[in-house]
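Below, chain A partners chain B and then partners chain C, in two separate complexes.
Right, the complex of A and B next:
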């Protein structure tokens, strides 16, 4: 969503970048076994670096090309990353939580509800990230620059905003946040090559909420997740995988620009 | 990682079937899932086979001849498996195809192999129905441990034996035909045994969050949960159940990853039933595998037993083949074969003209012993004849 908001490019390698950060954590855990916090911090920092490098090496060359061409490049990037990860880390399942020497205890929430420690940490991290990103976009110079570039890159450029630096920052932040999500999912339920599917499910959430809208991403995620869980409970688990996309289709029929998006944005898509 | 990639590149350049096969070697073609969605299982089996024959060749081979294994990665994609099979059957020096991938690749591989009369050994996935008695296909053979219906029958009998009075049973499968079918069979087989089946949860293959399935099983009051599915479905459902405070017992099929997972999970209520002996048995053969695997695979050595078993059987068959070998001679040798597995299973693999699976299935149950902090045998070998 960050990348789309700034450059109008849908990054379809999002799931693979999430997964890459988690695999980086696995390697760092092996290297720095006795320093779990260092391994975590290193994985997060490297995922930021990966975003920067990807922009500089790959996506920068797509500047000025059709948006669809850039989107296709992200598809190819995803395929490439998947192959590299299988070669490097094989298809086996890893459990970074145990490798770090930590325990993912269940915590009773009252009313018969329980959640794992990492699941609660994930919720907390999501709240922190959203607040942080909101503050970043509203109150910092770079955040305002990113919004300006997203609104009108030509005008922003004429006003002296460095487009490439802004795009690179968007890629770095997007891979950082995606990487954090990947790391948290891996800590909670292990890591294998199916994690990319989670990234795919992020698109219905973002589109339902409205592309480019932080508020929309939150609400869209809630709607898609609730629909999925309710389908498992009351219809059939087999339909749970298609439910996010059914919700998306319904939204596209009723309000194509999503709950918090604008008509102008959907026209650009 | 660089080392691993380099290893793959070297393997690709040296093991491709285009390379001329040595005229004085037995030639086998392995089409396996080395980098696909089943690579943790099939890739490890393929590694087991490769390492076994590397070791055998270093000791002089079979009847003084080396064994050359041509390896191709099909990623469990049927089209790739078909291409691999075409390449293999058109290699006149090749005597046997080994399949180490998901059952979705079987049909094209079998079609190609039958066209040219090449025998196939299935070494990692579910055995095709054509290997079972009474009418085994003369070209198809299987050494892998899976037999959905017989497996779940053993598990149901075990739970019945271990529990007094009526109990509530939850079933978990992955939404693929073989797994769903196995669990549906378990539900039928439980009838009349004072077992109340309270639900069958079937998760689609890409499921990440198993909590909703666990919630349904827990809320239904399951005392036992049985799962015959790919490992990820089994273990993630169990872990989701425990996260929700469920205190019942869970029994699942013991894939090659099971031993490492038992060590990781450390929960005495999590049991696995398997046809392969675990390395915790510490038999001499386990030490041999561990030593042979050192530095030669990316997988833990405990993953290699399926591949090792397949290679042991192939060696026994090739020993019976007079030089020069041919496809027909290898198939003939495999049609009447008895192979002692040195304790890797509960008994020998015995093949006849009618049965290319095995005459007897042996099951063991393993679990975690909190007192000794190690994997232990919970129930010793139980024999189930294959009729």
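Right, the complex of A and C next:
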């Protein structure tokens, strides 16, 4: 979403990048077994670095090329990453929470509901990240520049904004937030190679909300999540993975540019 | 011509689109420091292409400067990328899409503050300078640039270009779609800025009337060539300029410049 907003490139390797961050955490935990916090911080920092390196080494060449070519490159990247991860960390399921020596206690919420500690942390982190990103785009020099580049890269470069630096920052931020998400999911429900599906589910959420809109992403994910939970409860847990895409198809039929998107953006995808 | 060393000098510049179509055939012109120079010509005469050749915008249109030299002081800048050119101190106000429409007026200016300026206070000072130069923008600072009127948009575009304290300002078709009064006001601002900051300006215009009032020197382009040049005064008095660009004297059977005389061709064939 972040990358799309700034560079109009849809990053289809987002799920794999989330997963990569979680696997990095596994390795760091084994390396720095005694410092769980250090391992966490290291994994987060590395995921930021991964974004930077990816842009500089791979995506930088795609600036100025057709957007569809860049999107295809991200698909290839996703496939490659998945392969590398299976080779490097094998396909078995990890439980980083246990490796870190922490317990994922269930906390009772009022009204007979329970939630795990990590799930609550995830929600808190999401709120924090959203506010952080919002403030970044709204108030900081680089945030405003990023929005400027997103609207009109040519004019931005003429105004002296360095395009490559801006795109690299967008990639770094995207892998950082994605990485955080991946780590939290891994902490909550374990990690294996199917996690990329969660990343895929982010697309219905982003598309329902309208690509390129931060507000839309939040509302979109709420709608998708609600639909999923309702389906698990009333229909069958097995259909839950399909629901986001059903919502997506319905949405595409009614309002293809999403809730908060603009009509012109649709031609670009 | 002018004794002072020119800030910008084009030498026999040729621009070719998609490796086939030649849009500019050997154009030479000079913009002396501290002056306003105007480049006049009808639609398709190659004015905008010439400007784009200077700013490095050509690459995105699959065009290149295939011959000739563009000097900005002692630097050859032909085929340089836009942000390099901007960093050298050349700012462009483009013809269309000149502001970031999804950003507010204030954010437009914020985005344009060069990264070399550190600290919130220093940045704010630069922005306040623009509001001083264009007082009409100040009350609109919170509005989205997409909702501005044409005149305000032009002011914002000029303000964003000036915020980086450029040495040379290039303005493409400033008068397009604007009421003559606003154009006059904007040109007056330019003259004031030229005097106050020692700014050098290259204007590209179709309507010669107002531009020749403020300019020091003018070039007239036809079909990708400079066909006539001289001081603004001389051009204003020139019979053909009056007829074809100032709308004086020409009857209903107005002809194109080309039909009348074989003007001095570009000098490239004679060295």
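List of remarks:
Note that the second predicted complex is superposed on the first by the 268 of 269 C-alpha atoms of A that agree within 3 Å, B and C clash if a C-alpha of one lies under 4 Å from a C-alpha of the other, contacts with A are read in each partner's own complex, and residues count from 1 in each chain.
Following the convention adopted for this analysis, a residue touches a chain if its C-beta (ideal position, glycine included) is under 8 Å from a C-beta of that chain, and two chains touch if they have at least 3 such contacts.
Only a predicted model underlies this, so the values are computations on that prediction, with no experimental measurement involved.
After superposition onto chain A, the partners chain B and chain C occupy separate space and fit alongside each other. Look at A:86: by the touch rule set out above, it reaches chain B but stays clear of chain C. With both structures placed on the common chain, the touch criterion links A:192 to chain B but leaves chain C unconnected. In the superposed model, A:159 makes contact with chain C only, not with chain B. In the superposition on chain A, contact of A:144 is made with chain C only, not with chain B.
Once the two structures are overlaid, the count of chain A residues touched is higher for B than for its counterpart among chain B and chain C. In the superposed model, the angle subtended at the C-alpha centre of chain A by the C-alpha centres of chain B and chain C comes to 150 degrees, rounded to the nearest 10. Of the two partner chains placed by the overlay, only chain B lies in contact with A:238; chain C stays clear of it. Think of it this way: put the two complexes on top of each other by chain A, and the tightest Cα contact between chain B and chain C is 38 Å. Chain A meets chain B in the complex at residues 27, 83, 86-93, 95, 98, 104, 106, 108, 114-116, 185, 189-190, 192-195, 197-198, 229, 232-233, 237-238, 240-241. Note for the complex: chain B touches chain A at residues 1, 4-5, 8, 33, 35-40, 43-44, 175, 201-210, 212-213, 215-216, 231-232, 236, 239, 242-245, 257, 264, 298-299, 303. Partner chain A is touched in their complex by these residues of chain C: 55, 57, 59-60, 81-83, 86-87, 91-92, 94, 97-103, 107-108, 110-115, 123, 160-161, 164. For chain A in complex with chain C, the residues that touch the partner chain are 64, 141, 144-145, 147-148, 151-152, 154-163.
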